[in-house]
Every structure is written in structure tokens, then in C-alpha cells.
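These are the structures in question, set out in turn.
One chain, subunit A, links the two complexes that follow: it is found with subunit B in the first and with subunit C in the second.
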Partner chain A sequence: MKMVEEIIDFITGNDAVAYAVKMARVKVVAAYPITPQSPVTEKIAEYINNGEMDTEFIAIEGEHSCLAAMRGAGVCGVRVFTATCGPGLMYAHENLECVHRDRTPLVIAVPNRSYSSLFADYTDSMPEATTGFIQVFVESPQEALDTTLQAFRVAEDHRVLMPFMILYDGYVTSHTGATVRLPSQEDVDKFLPPFKPYAVKVDPSRSEFIQWEAPGVPIQEMEHEQAMENAREVIKLANEEYAKIFGRRYGDGLLETYRVEDAEAVLVTMASMTGTARQVIDMLREKGEKIGLIRLRTFRPFPIKEFQALQEKYSFKAMGVCERDVTHGCRYGEVYGDIKTSLYDLDNRPKMINFILGLGGADIRIPTLVTASEKVLYTAKTGKIEKESWFGAEIGEVETRLAAF
Partner chain B sequence: MMEIRIHGRGGQGAVTSSKIAGLAASIEGLYGQALPFYGFERRGAPVEVYLRFDDKPILISSQIYEPDGIIVLDPILAELGNVVSKGLKPKGFAVLNTLKKPEEFDYARKLSKIGVLDATGVALKTIKQPISNTAILGAFARTVGIIKLSSLEEAIKQILPERLHNANIESLRMAYNETKVLEM
Partner chain C sequence: MSSQTVERVTVPPTGACQGCAMVLIARHALDTLGRNSVVTIPASCGAWSGAMLIDRGPTQFPSAAAAASGVAAGLRAAGHKDTNVVVIAGDGGTYDIGLQALSGAAERGEKIIYICQNNQAYMNTGIQRSGATPRWGWTTTTPVGSVIKGKTVWPKIMPEIMEAHHIPLVATASIHNIPDYKRKIKIAYELTTKQGKGLSYIEVLNTCPTGWRYSPEKMVAIARLAVETGFWPVYEVVEGKFKLNIKPKELKPLKEFYQMQGRLRHLTDEQIAETEKLIHSRWERLLERDQRGY
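Moving on to the complex of A and B:
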């Protein structure tokens, strides 16, 4: 294997995404500013202004129109990208729902943020879980760059043709400077060929009305479910192909495991909290506790079979699911519900506990994750569940963000 | 892993100093992480940035509560021991922008090293503005030595606009020479 030439730089998650968009030779970008997303599109505008990107940039009046513009550009058969988050993503909801009906492989970067504060939680993207977007939660600025490149390849694959959302924690990843390896244009071109549209539906020189005529909605939805089923394999393939060229691999693309061998208890984490959780697993392993970690990378399509396979292989006795969202009225988060559903049919399914952490950007700290792990270990050892779901504030989480104001 | 908490005020360049330090570490083959703790419209208000260095990729993403050292860009904040030394490890270090002597800081007695510099004075002489960030990095390089002066110079060239290179590199070097280090 020929070593790739990469530049080592120190940049934020937002800048890492913008760099990947430049390398992907995106043709149309429309965007509206919102914190903490704005630096992504500011950087892209800078690239275009400097002549480093040959891209049409549409400074648009809002996210609802932005998604409409992206759909319009998408059906003309070019590579398209936008970024938004928080209330912006919520405002875009109507047109988000439409994108998969066009089978436009639009890629959206979302530095997750709460509706009620500027900081990270999944209040913005979780309501979009049913809009037909592939949703991948990334852990670090480097993974944000790598996943943006993979996103175009997955979404544009003719077996998939579904839109793709890259999710990373607002501020924690979007504004954190990190040592990042920047791939060269030559190497990126090897991984990501130019976009070949399956069909170009409109002539961009004319004003046209697009209507989904055939097949009708019931058949269309069934086909799109098949496309998502295909996406599972295509995500895995893209992850492997990427690793072959650049040497970086994120689990199997869907899930990533850490010290799960002989584990009786396991934590499930997402995005940036995972790194902190790895340290907690190391600390508890040193004390002889049999605990491991599964990181949920791909949330849509949900890795149902992969969770089942891990459970059948390792027979975890207890599983603690940590997530930055809650469905009020259920007292659990979306991920918890999905994992529980996936494992329900197994004879050796684990006891499950949900930890709703880091809402409104509250810092997810080592002590909080230690307490969560202890509860999962208690259940693994005794078979008893003290309480099925815990909010961070109930296990010692402090909203340290507020101290800044 | 080394964990450092930077204290400053909005406008003094705390975030920029963390980017320069992070890039300098990356140039040396280390891994860096700079996590700013800020909201909006912070000019003049206290800000914190969390800086980590390691020889392997840094995965932890939480804020720093028990730093190995602190870097303080503002002379008034440097005197607020209950703020800046909170959670500071007993054998840690402090790099302070101050006109005072190292012995005058009560909280520094438990530390292994303290470096002091009139960073604002250096900044006024070199970049003609009270932006103490590159000066304090010179003091940091002198006090702790984990990152070389030459790497910091290279990082300044990559991060700051070209018209600011000379003054800031002068600020960095002058600071390095003028910093007084007390080892306990």
C-alpha cells in the first residue's frame, strides 16, 4: 500500500467539514447562518472567494428556502451540500422530508445544538429521524472530515440515493481545535469519483414543476426502505475503502466497539462523549470490572442486525444507553427505544438502562459516566434495575455551561 | 497527557493562543486539542480555553477540571487565586501575565514551577496593542518547555495574517527572554 500524503494541521470540526466539502468538488452550496454552524459555510465562502472552489454559492433567506434550493440543484444532477443546525434544521423540516422523495443525495452537516441553548444536544436532529436521511454521528474533527467524504460516496451510490446527515456535537466538536490530517486532492479523487446522477429530471435552463407521479407513495416508501437497507452495506464498504486509502477506520462504519471482550456490562455512547467514556472504561477495567463500550455511529439506518450480532456474541447482561435527547412522555431517548426494539426478540437480551445526559450542552464528565457505569455493573451483577432511566441531574451532572454567563 | 487551562478576557486572544499552541504541538508530531468555553459577545469578560497535549490521539472531550497547569493572560485574573487555581494539581505549573514577583502568589506555593512576565508590556512594545496572547506563549515555552519556540513561530506564521507575523514573533521571542521562572 502506497502511503498517502497528508498535511497535519490544527483545525476545528467545522473547518474540517468545510475542507472535505472543498475536496469533494461540490457544485452548489446554499446556506443560512446559525450558531454553531456558520463557520462551515463562512469557510466555504472563503474558499470560493479565493478561487479554490468552483462552486455556486447561494446566500439564501432562510433554511426552508435553503432546502428548496438544494432540492432544485439536486434534481439537476450535481453534487450538493448545505449545513445547518438547531432551530435552522427545525425550520427546514418540511423540505427535509421531501429530499428523499427526489432521491437527491444531498449531504447536510449538522453540528448538533439544543433548541433552548446554543450548545450540544440532539433536540434538533432527533425529530428528523423519520425523514429518510442517513444519519451518522461522528466523534472528532478528524472523523467529521473523513465522514463528509464518505457521505457523498454513500449517498450517491445508485443502490442508495438517499440524503445524508453528518452529525457532530456543537461547540464540543464544531469549535474544538484538534490535530487533523488533511488528505490531498489526488487521494480524495481516488476515493470519491465525480457524481454520476441516476437520472437528471429537469432542464436547469427552464422553470419546471417537479411532481412525483410514479410510483405512488406506498410503493415509493417501500423502495426507500430497501435503499436504506442497502445503505447499511454501502456505509460499511465506504468505511473499508476509506481505511484502505487513508488508514483510518471507524468500527464497521455502523458500530464501533471498545473492550467488549468478556464484558458483562456495556455502555452505548454517541459522538463526542465516547472519548470520555473510553477513559472511564479503562479506569473501571483497571479495577477489574468487566465493562466495555459500543459507539453508535450510524443511527439511520439503524444497525439492528449488528446490535443483535454483538449481543449474541458477547451475551452482555446489562446495557446502559447514554444519549443527549429525550422523548418527553416516554422518559427515554430515541436510541434507547431503537436498541431495545432491536434486541427484544433475542433470548439472551440484556437488562437495559437509559442515561439522558448533556442536555443543553451540559458537559459530559468522567464522574457522571462513572456513576452511570456503576449502575450498569450493578444490574449486570444482580439482575436488578434500580430505575430504568436517569436524567444527568439525577446522577450528579452539573450544567457547567451556565457558569460562563 | 498534559492538561492546561487558559484564563483570559475576550479580546486578549486566548482562543487564538490555544490554536497557535495546538498547531505548534501538531508540528512537533504531538496531538493537540483546544476546547474553548465561551458563548457570545465576550469582549472584556473572563473566558477559559482548555488545552490538551498528548503523544497519541486525544479522545476525551469534556472540559478540564483538574489541570496540570494554568496560563493566565490577564494580570487581574492572575491575582484571583480562587478562580484561576481551582482544581490545579499540587505539582502543577502556572504561567502568569503580571508585574508581580512569583513569590507574591500564595496559590503558587504548592506548584512545581511558576513563570511570570509582564506580557501586556511586551505586547505594547511589540504589537502596539494590549493583546497578550503571543507574549504569554513565549512565557509558556520558557516555563514548561514542552513546545519549542521555533514551532510556535511556525504556527504563528500559519495562523496569523502575514502583516502581523514580525511583531508577534518579536513578542514571542522578547517574552521568552524576559520571563522569570521560579522552581519550587
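Moving on to the complex of A and C:
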């Protein structure tokens, strides 16, 4: 497919998301300000007021209401979008929980923000891991743009019809400028056709009244699980289709690997920490260490089979899972738990170590990731585990960003 | 709302208690507005108002007005014009937990017809007190104990809070005068749906026999007495113009009204007198406004 030349600009992750929302021809946006999300909706408001977007914008009075409004608009069968994070996401929880029950393919951008500071960790979005949202963690402003476009396509697919959360690190990705390729409207329209709802629940122009019948909750939940299973494949497809038009792909859409061939040890990373981690892998490879990296892109649905396939293929001896969240009382993060569960039944499962890093937005720096890698390499070589989980503070993480404002 | 012929959109039977006024409030609003309507009913006794031949908007308890704002925007985006976007919420969902969403929607000028059925407590969850429960009134969370007897503070005056939002219509109504109520629904249709001037707020006293502790056949008599004692003034503020719609020459003694209900029967004469004083001073104010016309 011939592509219209992309404009290259230097913009932030938030602006990249807003641009994608404009290109996606979203019909209703509701939003409430919160740092570091606000620039997304400010940009959208600007597009609308400059006549560049034909969109209903509800400048609503809180995030709980915001998600309620998104539900209300969603059942009318139009494309809907919102963005929030941190305390806003938590405040919206009651209505977030309902979006998947409506089967509304809402897309929501979340520049992750800790519940303890203004900066990135995943303590805001992890409580939503059980609400039926597709959750994709992206690494860069470019990927945020690309994934926003893919998000509508995936969420609106009739095999899926589940809401979609795009997650990127607050400030690190949301506010940092990067070179971003901006696709043309013509190409975006090719990739993302207008929204075709499966069923419009609220339509006053129908001549006959329809009594909607929903199955009981146990069956609904089972259907939603099936939809999430389908989403795994649809995300992969969208990733491929996107690559065909725009030439950019992110692993298989679920996982992205880096130098895993012949690796005995492997780090699992998410979002922006991955850039630093790649550098660390390169450094250690240069020293002859057999270490690689897996970036977890899609967290919900969880790439269970894909993790298993990688393990079967490469027989990693040890795996170190780095994540910005912790389940207190378990001393591990959600991702570590999910990977361990996924690999448990394999005969050649790896030894696993959890690194709970960057809480409250603390920087995840090279020395910390080197120490983490060394621990994983030690386990790969000796089969011994010193400790199953480490907090960043225990392995030299510098507390760089204690937000006092 | 099409022509004069009223096509029923509400369908009996309902799941409400015998003699429930909420059923009348929902029925006459929706039957008057007709098929080109979408209604959002948050958790409340309204959930028992029976089947309806119109689409329902989804909402959680605290966010009815916000959810309806979304429906209104969604309908516009989908190309529907002139559809009534209606909310029917309880006093709990209006005065208390839903106040933020309602205030926001009113301030934004949302084209919503918001009807509050005020039964002065959280009935659906078992008669707990709300911001609308009368002072000294009994509820399950303001029991008449040996030390503290009933609710210790005054209720809010919600219609006046809504007036402060500069919306096209604020009105109260009573189920003993259905024509007056329906007329107000039609004003709401005209100003909100047709002319797009913003949110219309209509609050109806829902004389709930179950929660108020009286026998259901007295429902209309109780509603009338609420108005005739000044306990529930029936008025309208249409685009800033004030009118007291029902003006008894002299207000009946409040005691007559209170004694008919188990929830208010325990009040002392002093407590009734203090309540009456407040009611009468408000009545004076309303009469003055009626004369001034704003």
C-alpha cells in the first residue's frame, strides 16, 4: 500500500496521543484535568476550537462523572475517547468497572502516575487489571500515537468489543519531546475505518422498541473472557496491518524481544525503562554475558502462550521481572505473578526474580539495571536464588524524585 | 412529544410498593414526553417503576446527570435531534451522592430533563436518612432513641440550590395535582429539548407510604396536605420568572400533616412549632417572590 509521506515533528507523548485521537475522528470526548494527563485534553480542546475536529467535548466536573459520560455516549454507538491517570483513574473506578459490561470499545489514554507522587509508577492502573480493560504499555511517543490508532481498531473489532487502555510513563513519555512521524489522514482512514457498532443500545429513531436481553452475570463474564482471548489475536493482527501501511511494528504486538538468541538470562521490562535496559543488555553482551530482554507490551490480555513459546524456544535459565508496582503482602508485582503462573507448568521453567523498581517515579537508571541483571545472571549460572524479590532501594536505586509538591 | 395523543411508554405492572407515588411521577413524565426519549434511572426506587418502551441510559448511583450528559452528547454525535434526555433520580441520588454530577451538568447547560422524586430518605436501601429528611424525622439511621430522637439537622432546599445554576426551569410539583406536573414537564420539553436552553429541574414530593409509615390509600390526601401546610410549596421558576402555583389562603397546621405519618408522629409540640416557624418564614418569602414575579 502506497503511503502518503509522514510529517516528522518533535512532540511529546501526550501530543502524539491527541494527534492520533484527531486522526481517529473520535465523536465524543469527556475529560477532567490531572497531571500529567491534562495536555492530552487541552490539545484536543484546541483542535476542536480551531475547527480541526468535529467532536462533542464534555469538560466534565470529575473523573467518576467522566467515565459515566463515556458510558452514556458509548451506548449511542459512536467512537469515544478519554484520558486520565493516578488519582483520577482511581476515582473513576466504579464507572471504569462498568465500561466492559456495556461492551463499549472506549479508548482511554493513561500516562501512568503513582498514587504517592506526580510521577510514573503503575499503582494507578494495576487495580484495573481485573476490570476487563485491554492494557497496553507503550515505550515512546511514537508508539503512543501508533497504539492509539490501533486501540480503536482492536477495541471496536466485533470479536473483541472491550475497552482499551494505552499506558505510558507519566512525564518520562508524556512530557518528553521525541521525534514522531505523523501519519496522514488518508493513511489513517485506510487503517481505521469509521466505527461500526455491533449493536446500538440507545437509538430513539428505531420504529420498534427493542427489549435487550443480557445473559446472567456468570455467562457475561465468560463471554468477556472469550473476548479477551480474541483480543490477543486481534492485537497481533492490528500490529501487522499497521506495519503494512506505516512500516512500524512492535514485536508481535504482545511481546517484543531484544537479543534473546542464546540468552541464558533474560530481563522482562515495561514501557520507558526498556530503553535503558537495552543499553544495559548491550553493555553486558559486550562483556560476553548471555543476556537478553523481553518487553511486555500487552499486559491485558496477558500473553500466556507467547511467554511459554519464548521459554520453550530459548530455555532461559533465569528471568528477572522489572516492574513499577507491588502487591503489598505478597512482596511481588502483578507482572511477576502472571509470568510465573504462565510458566509454572513448563518442565524447563526458569528461576524467577522480581525487581520492584521506580516506585513513586524514582528513576530507573543503568547501575540499578546492571545490578539486577547480575543477579539474574548469577541465578542462571548457579541455579541459586539469593532472594526472590528486590525493591529498588535494596539494589542501589536512587530516590531521585520525592515529589514534595 | 408529538401531538395531543398521548402514547403510553410506561408499561404496568411495576415492582413498587402499593400506593407508591414514584410510579406516578415516572409514568406521567415519560408518557407526556413520549417515545422520542431516553431515560436514565440511577439506583433508587425508580428502578422498580416497571417496563418502558424507550431506551435506557446506563448509570451508577452517583453519576446519573453525568451519564445523561454522555447520552445527550452521544445522541447529537449520532445525528439524533429533539430527543428528550431524561433522568429520574431519588433524593439521595440528587441531594447527596449525585449532587456533584447534577451541579456540573446544570452548569454546563446540558440538555437534560432532570426529575427528582423526593421521598426524603434512601428508601431502596431500607429507609436511611438523606439530605432531604425532615428535622427530627425517623429513619433507620436516625432512630428515635431514648437520648437522640430522629434527625438532628434541617434538610437542604434543593430547588433553591438548582436556581443558583441559572437554568431555564426549576419547578416543584405534587402528585395530587397531575395537570400542574404535566404542564411543567411540557415546559421542560420546550425549553430543554426543543430550544436547547439547558437543564430543566423538576422535583416532586414522593409521598412514600412504606418509608413514611402511613397506609397507602391516604397517598393523595397526604400529598395535598403537604402542600396545604406549606411543607411542600409548589412553584416554578421559568427563565427567571417566579410563580407560586398553589396558594392556599391560609396554611393548615403542620401537626395535621405530621400526625398522619409514623416517621414524624413522635415530634414534640415545640419541635413542630419550630419547624412551622421555618416553613412560614419561607412561605412569606415565596409569596413576596410571587408578587415580584422573580
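Just so we're on the same page, the second predicted complex is superposed on the first by the 388 of 405 C-alpha atoms of A that agree within 3 Å, B and C clash if a C-alpha of one lies under 4 Å from a C-alpha of the other, contacts with A are read in each partner's own complex, and residues count from 1 in each chain.
Methods note: contacts are C-beta pairs under 8 Å (C-beta built on N, C-alpha and C of every residue); 3 or more make two chains touch, one makes a residue touch a chain.
Not measured: the values here are computed from a predicted model.
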Which of subunit B and subunit C A:147 touches, first, second, both or neither: neither
Touched partner set for A:278, first subunit B, second subunit C, both or neither: first
First (subunit B), second (subunit C), both or neither touched by A:371: neither
Which superposed partner A:342 touches (first subunit B, second subunit C, both, neither): neither
Partner chain in contact with A:71 - subunit B first, subunit C second, else both or neither: second
Dominant toucher of subunit A (residue count), subunit B or subunit C: C
Touching partner for A:41 - first (subunit B), second (subunit C), both, neither: neither
Subunit B versus subunit C as contact partner of A:8, first or second or both or neither: first
Touch list for subunit C against partner subunit A, complex: 35-38, 40, 51, 53-60, 62-78, 80, 83, 100-101, 103-104, 107-108
Subunit A - residues contacting subunit C, complex: 27-28, 30, 55-56, 58-62, 64-78, 80, 94-95, 98, 102, 200-205, 209-211
Parts of subunit A lying in touch with subunit B, wherever the complex brings them together: 8-10, 35, 118, 139-140, 142, 169, 171-173, 175-179, 272-276, 278-279, 363-366, 400, 404-405
Complex interface listing, subunit B residues touching subunit A: 18-19, 22-23, 25-27, 30-40, 57-63, 65, 155
